Amino acid sequence: MSDKVLEIRNLNVTFPSLERNVHAIRNCTLHVNRGEILGLVGESGSGKSVTSMAALGLLGSSARVKGNIRVVGREIIDRSEAELQEIRGRKVAMIFQNPFTALNPFFQVGRQVMDALLNSHFMSKEEARKRVFQAFKDVRLPDPEIAFNRYPHQMSGGQLQRVMIAMALVCEPELLIADEPTTALDVTVQAQIILLLRELVAKKNLSILFITHDLGVVAALCDRVAVMYAGMVVESGPVVDVLATPSHPYTSALMKTVPALGQTKDDLSYIPGQVPDMSVPIIGCAFAERCTKVSEVCHKQAPPRRAVLTDQFSFCHNASGPVALDEIVAGGRL
Amino acid sequence: MSSLDGFQANPALQPSWTRRISHFASTNTLLFVGGGIFLLIILAALFAPWIVPFEPNKIDFSHKLLAPSLEHLMGTDALGRDIFSRVVYGAQTSLIIGITVLAISMAIGVPIGLAAGYFGGKVDMLLMRISDIFLAFPPLLLPIAITAALGAGLFNAMLALAISWFPWYARIVRGSVMAIRKELYIDAARAMGVGSLRIMFRHALPNSWTPAIVQGSMDFGYTILAAASLSFIGIGAKPPTIEWGLMVALSRSKFLDYWWTAAFPGLAIFVTVLAVNLLGDGIRDMLDPKYRSGR
Amino acid sequence: MIKYVAQRLALMIVILAGVMVVTFALSRVLPGSPIEMMLGHRPTQEQIDLARAKLHVDEPIYTQFSYYVADMVRGDFGESLRTGRPVLEDVLERMTATFEVTTLAVILVVLVGVPLGVLSAVKQNHLVDHGARSFSIAGMALPVFLIGMMLQMLFYGELSWLPLQGRMNSEILLDYEFPRVTGLYLIDTLLAGQWLAFKSAAAHLVLPVLTLSIASLAVVTRITRNTMVEVLAQDYILTLKAYGMRKRRIYFLYALKATLIPMLTVIGLTYGFMLGGSVVVEYVFDWPGLGGYVVGAITKNDFPAVMGVTLFLSTIYLSVNLVIDLLYYLVDPRLRAT
Amino acid sequence: MNALLSVKNLQKVYPTKVGMIKAVDDVSFDVAAGETVALVGESGCGKSSIALSLLQLISSDGGTVHFDGTDFTSLSDQQRQQFRKKLSIVFQNPFSSLNPKMRVRDIVGEPLKTVFGLKGSKLEERVAQHLRDVGLGREHLKRYPHEFSGGQRQRIAIARALALEPRMLILDEPTAALDVSVQAQVLNLLKELQAKHGLSFLFISHNLATVNYIADRVMVMYLGRIVESGPVHSIFSSPAHPYTQALLASIPSLDPLKKNQLVALSGEVPSPLSLPAGCAFANRCPYASDLCRTLRPDLLSKSEAWAVACHHPIQGEED
Amino acid sequence: EAKTNTATYAMYGDIKDWDPSIAFSLEVMMLANVYEPLLWYNPPESEEQFSPALATSWSVSDDGLTWTFKLREGVKFHDGEPFNAAAAKASIERTKSMKKGAWYIWASVDSIEAPDDTTLVIKTKKPQPIDLIASSQYGAYMFSPKAAEKGTDWFNEGNAAGTGPYKLRQWVKDQQVVLEKNPEFHGGWKEGNFDRIILKVVTENATQVQMLKSGEADFISLVPADIVDSLNKEEGISAYTVPSWKNSQFLINTQKAPTNNKKFRQALTHIWDYDTVVNDILAGHAEVARGAVPATMWGHNANIEPPAFDLELAKKLIEDSGVPEDQRKITIAYIGTSEAYKNSALLFQENARQVGVEVELLPGEWGVIWDRAKNLETAPNLQSMTWWPTYPTPNDWLIGLFRTEDKALFNLSHYSNPEYDKVLDAGVELEGSDRDAAIKKYHEAQQILIDDAVAIFYADIMTRIARQSNLEGLEANPAYAAVFFHKVTRK
């Protein structure tokens, strides 16, 4: 068995509608190794959430999903609901962006966490309750007993997000998918969550797919990062490498737009133009329209996957480094 | 300003109207069936004199209670009147009822809702309590009480229905105005020194029309049904007005033996209301994406 | 809790006062003199004087109103012109018949409409959904009186399965004495252990209840479906799915509870529609309840009776809504926040 | 200092079902002509409430707001209309701050119409001119907001705010709803416009990095009160208030090697419904003493332009 | 045990007044079976005009002022009280003094005496047909003095105490009245008599018809004329008509514009389509009327020709009348539940439209439209009326409907013609002494009504009966709108 907890290969997701087909994910490939945190970054609409939903088979019947997704070695695509239920909660858990809406307002939070636990593991209620208390303690919720009987509206966003994390932990999944779990929170709370997640990964050998649009959070939390643009991963690699020496023009452009403390430049740089319309077929490189290093080939041919450094890959015609020939076909035409 | 080059909205993101409509036609066949039938009904109402084979009020006892035939498509009633002709004319009445009741109840309800939602506080409290009073009567009972006081008759019935129905519009408009009031563009307009009245009518009203119209299109059918019920129990339309509910009422003593006397006017109500409801549903789907089927 | 109840109660009283303003106003806009209308046939001078005194017509309108309110609060709705008895007595006597039909209809609507709506939402765009939606859209387009008449034609005229009208078979009503404990024949006959009478009562209830239910059933199915669809699109449902929760548990525990509030609202409204619809249904089925009473009263210009029933049913309706408000409180933890 | 905007002891209380929320508690500050002052703090600390009560879009419950020497709070609605041309606002969310049923021409033209009474081609001319200022063309006049991207919408909102040719703009988190790539464009635009028109900005944000980029001075808020104010570079390099310090330490750096510098505050933000008697930050503060828990510190000058509300300010190297 | 023999009668409204002194409406079905008067009036063509009820014999003094009734012995009221002269006296006096319902039939009575238990003496100031009055279908019933003591409220709780063949067993308000055989009935019982009568409230005639067809009802009260023949064809059902003293007319308001114009009124009589109404709407179960008194009643004027249905003539009369075009609007009030009225009115409305007269229909419940019609302000131009005598005399119509009244009661034409009153009074004066002379006067009076066009006299109607055909012993009696159940047996 591979040490890849999540493996997505050539994922394509289309939302068909009579008005226009939205081709939201185009040949996306990424993986999460056991015990690592992969950051998935990208602008709004780049397909981060769709990718994560696909990983759990949660996209529903309105989406057409093609490619391979393996979670802990099990194929996800085209599986029945019953089979998926085996995986969900037990092998992989998910945390959503907005903790205020991700919990049912009509039930006490403890009950909801306990239900998730009882659903994925067979045990007595008493036992389950104990474990929930423990999980609440682990995520440092003050007064677990009181928190257990609270309704969501009686808790703050940071607390709720911790409840969500506790829910994920208590189920002891191998993979945790977190879709922008800190975006709705304040920086100080965000810092708490980041530290908490780091600690939990270290303690419990958890693997996390962490979705965010904040490169700073990636830097602070993740081991590896995958940068998404227009439905595909354009660059991936260890955080240290990608952020220090971005090989894709999009990654570097993105980094330059972020104002950083202590920066005293007169003008912030920006990325001109707009994200491509996902309902229109893209020929060549999706970023070509906005790229400063664009060349003729970019408009004609989809860029191949190149290994830039040992573990750093980039989909760019102009990225330095050798072309991994075996990947040209896989990354190929749309 | 060089930094702004290429900052254009992509027109492809906005599908054209024709595409939208054709998309709609194919996803929402029922809407188009409803719309089609409704159009036919409107045409029937408008061109009734040219369509009908017989004078609708012409009494001819030698032809009474004839079963449907080629000559009398829907048969004749106890007075030998051609039911088909009467059903066609009945469309006029029903449409007038629907339009009048909705117009009156919106004319009362919309301004009330607008003022309540916009000003909030005590104004809201007062106006809404007043509306609540009218909602406290079980539906149909207030119209009954009002017509009992004002006297039976189609106009009074319509007025009574409108009075009992306006609070719904007040509520809906208020609700959406309250929601809109929280929208930043209202604050923005105020910040730019735009006056209250202008904000109410230029900003709040156009944005709260949608739910009112959606509600209206859903209520059109209810109105026709309610008016027919009032006619049926004898406090709505009176002859020589031709109204479907009244036709059923007049045939009540006969329908077990002469089913067509009640069935066709009843069917006319059903088809019309169904068409209107389908249309209303479609309009709602179109204007209010929340209810679109499927995700 | 007590504060909440007190608030709701106060609101209800305020609205009830408003309702009285409306009925009072209506009773003063009667064509001709209200007194003549209220007294009916050839009143003697004596009767007129008495009525004038009772209505306090010589005093200012607000004084008249205060007397009116005092009368209503005491339950003095005046005398019915038709039966010559106090309206309240008539109303109380007939109330149970209406209550029996409307309550059964509401129960039927809830028991059938809610599961159907849930099913329809869960099986979105599948056959069940199409079926349920077609039913609900057709059901809402059927005039109540037509439903009643069609059912009569079918079950009495064609099949002879069910009785045409009335509340109980005459002979059974005579031969099987059962004490009117609740006034609901279905319950009273059971309490008395009278099977035949129970069966007759039930058979007589079928068509009116069905007639009264169909339109509301359509509405409730539809609204359940729509709220359920909305709820199912909520993030917290996604959370449950992401944790591999079984569907049935999601739908019938987590989602349903969230739809309860809109459902309660709809059930309240439905009850109102039923009270209104009972007017037509009781008329069609000769049902000896308040609806039939009010139609009779209208044709006879029995104004005190019409207003009495109106006021009475409004009070009932308001009380139902009060109960529903209290249920909100129990269902929605957010209302309980302190 | 000749302040353009001078706020004294501003108070705002929201009565709610469950109690009174003191959203703005005794806030005073000045903004000089041509200056950019930033207001930062966590969500719910009262930033928007200040913005709205400056314009009296919500009525304040105490204190005064002098703009250009006139007390805004004591004006009648009528008089206030005239003043509104001098002080304008851009809101956080360009997706909801533009009326979806109005064309760009009317959105930008409306204040011109109601305040200046402009009409017809004159109006159109002015609108086009303002749109040009923010980089939009005549071809956009007839479009509706939904036909624009987020960044473009924010430009329209800025054009509208500039239509009355104000002397000061209040910017309530103008880039919070935008992607980083777009955020940069809007920030650049704002800087450009300020240089061109000599505007003052009150820049509200919770993103310290953008504040650092755009502002001269910064005021840090915590639970309705200003806890520290002063020049951006001084405060960001050596914060005096423990909260400011924590805030700065909570921002993840782009440099993965500094990831261990990330420090998190412990504890929860107290409910605004029941604020503690002493310093509101005391329960999360690593330096809190008994004094902090009983006595609320006042905002006191630390140096000429620097003030802090803390019993135990952090002593950094003074510049 | 033998099966109870039950008859079900569908009646279209519940009993309103249980007090026999007051009841004046639908109650007759109950009254005539639970109570008895002193005499019953026999159907026309019987050998005797009356049959004994609680009186076994009676006589009148030569001056016609003193009537002596010999009462039946050994009769007990249902509550066990004995029936005797004192009880009879008390009954009549109570009815008379209550001034409700049909009390006026006793108005001319001067005194009542009960010299012994079985003798009742009634004295009047003027000669009066007390025998007819004592057989009236309202206001002439004998009831237990004990019950009377308990008062109207007691009756209205659903109680009765008569001497009739049936006792009141149960009253479920708005649902049913059940009568049960009185085993002590002085008339005795036959094989096949009903043990029990259910009077079931069924307001809708369609429903009644259905119940008859299904056998659920043995008799129904609402038989639309146009289905009599088709009903009769149904197996097991007998539907037919019998002569009655009823006639129908639309009274034309002579004081309200535009019908205060005689020419205009005459025009209306020509707009009425007599043949269609009688032949189609009433399905031939009626005759076109000739004036106010029906052909079945003595004193009828057969020389009167009904006005022709002639729209041309009507048009001309309207033009001549001088009623301006914009005032040619009339209202027509009738009992809304009646098919026949409704259809006639619709026909009239349609025909009137053709000659430029707009007709507004005012259907309503009798009590309501009656109240309106009495008051000139609210009165309609045309008022439906179906009349039958409380006791058999032509003057019942001529006085009741058309004699000048201070305050309108049934003169809903608001007709006041001194000449007519004079001729009529002369007839009434002669009725006791010289019937032929009286008839002459009555004929003259009827002609005046035609000349003045005070009403559209359109139909002498027959009573429609529909019942199960396995019943025997039903005899038609125009004097009573009731079925005498104890005379009926089931085969």
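When the chains are written out, they are named A, B, C, D and E in that same order, and each has its own residue count from 1.
Keep in mind that, in the parts below, a residue touches a chain if its C-beta (ideal position, glycine included) is under 8 Å from a C-beta of that chain, and two chains touch if they have at least 3 such contacts.
Bear in mind that the values here come from a model prediction, so they are computed numbers and not experimental data.
Trainee: Minimal path length between chain A and chain E through chains that touch?
Mentor: Contact-graph shortest path, chain A to chain E, evaluates to 2.
Trainee: Any idea whether B-C or A-C has more C-beta pairs in contact?
Mentor: B-C
Trainee: Express in whole angstrom the distance between the two chain centres, defined as the mean CA positions of chain A and chain D.
Mentor: 32
Trainee: How big is the gap, in whole Å, between where the Cα atoms of chain C centre and where those of chain D centre?
Mentor: The answer is 55 Å.
Trainee: State, to the nearest whole Å, the distance from the C-alpha centre of chain B to the C-alpha centre of chain D.
Mentor: Taking the mean C-alpha position of each chain, the two centres sit 48 Å apart.
Trainee: If you average the CA atoms of chain C and of chain E, how far apart do the two points sit, in angstrom?
Mentor: The separation of the two C-alpha centroids amounts to 40 Å.
Trainee: Would you mind listing the residues of chain D that make contact with two or more other chains?
Mentor: Where chain D meets two or more other chains at a single residue, that happens at 149, 185, 188.
Trainee: Of all residues in chain C, which are in touch with two or more distinct other chains?
Mentor: 157, 299, 301, 337
Trainee: Spell out, as numbers or ranges, the residues of chain E touching 2 or more other chains.
Mentor: 204, 210, 336
Trainee: With touch defined as at the start, can you tell me which chain E residues reach chain B in the complex?
Mentor: So the residues of chain E touching chain B come out as 204-206, 209-210, 224, 226-227, 230, 276, 279-281, 336, 339, 342-343, 346-347, 349-350, 353, 360-361, 363.
Trainee: If we count contacts the way the header does, which residues on chain D are in touch with chain B in the complex?
Mentor: 52, 55, 57, 80-82, 84-85, 88-89, 91-93, 96-102, 110-111, 114-115, 135, 143, 146-149, 151-152, 157, 160-161, 163-164, 185, 188-189, 192
Trainee: Using the touch rule from the top, collect the residues of chain B that touch chain C in their complex.
Mentor: 30, 129-130, 132-134, 136-142, 144-152, 221-222, 225, 228-229, 232-235, 245, 248-249, 252, 255-256, 259, 262, 266, 269-274, 277-278, 281, 290-291, 293-295
Trainee: Applying the document's contact rule, which stretches of chain A touch chain C when the two form their complex?
Mentor: Interface residues on chain A, with respect to chain C: 56, 58, 81, 84-90, 93-94, 96, 98, 101-108, 115-116, 119-120, 151, 153-154, 164, 167, 171.
Trainee: Would you pull the chain C residues touching chain A in the complex into a rising list?
Mentor: Its residues touching chain A are 234-236, 238-247, 249, 254, 257-258, 260, 331-334, 337.
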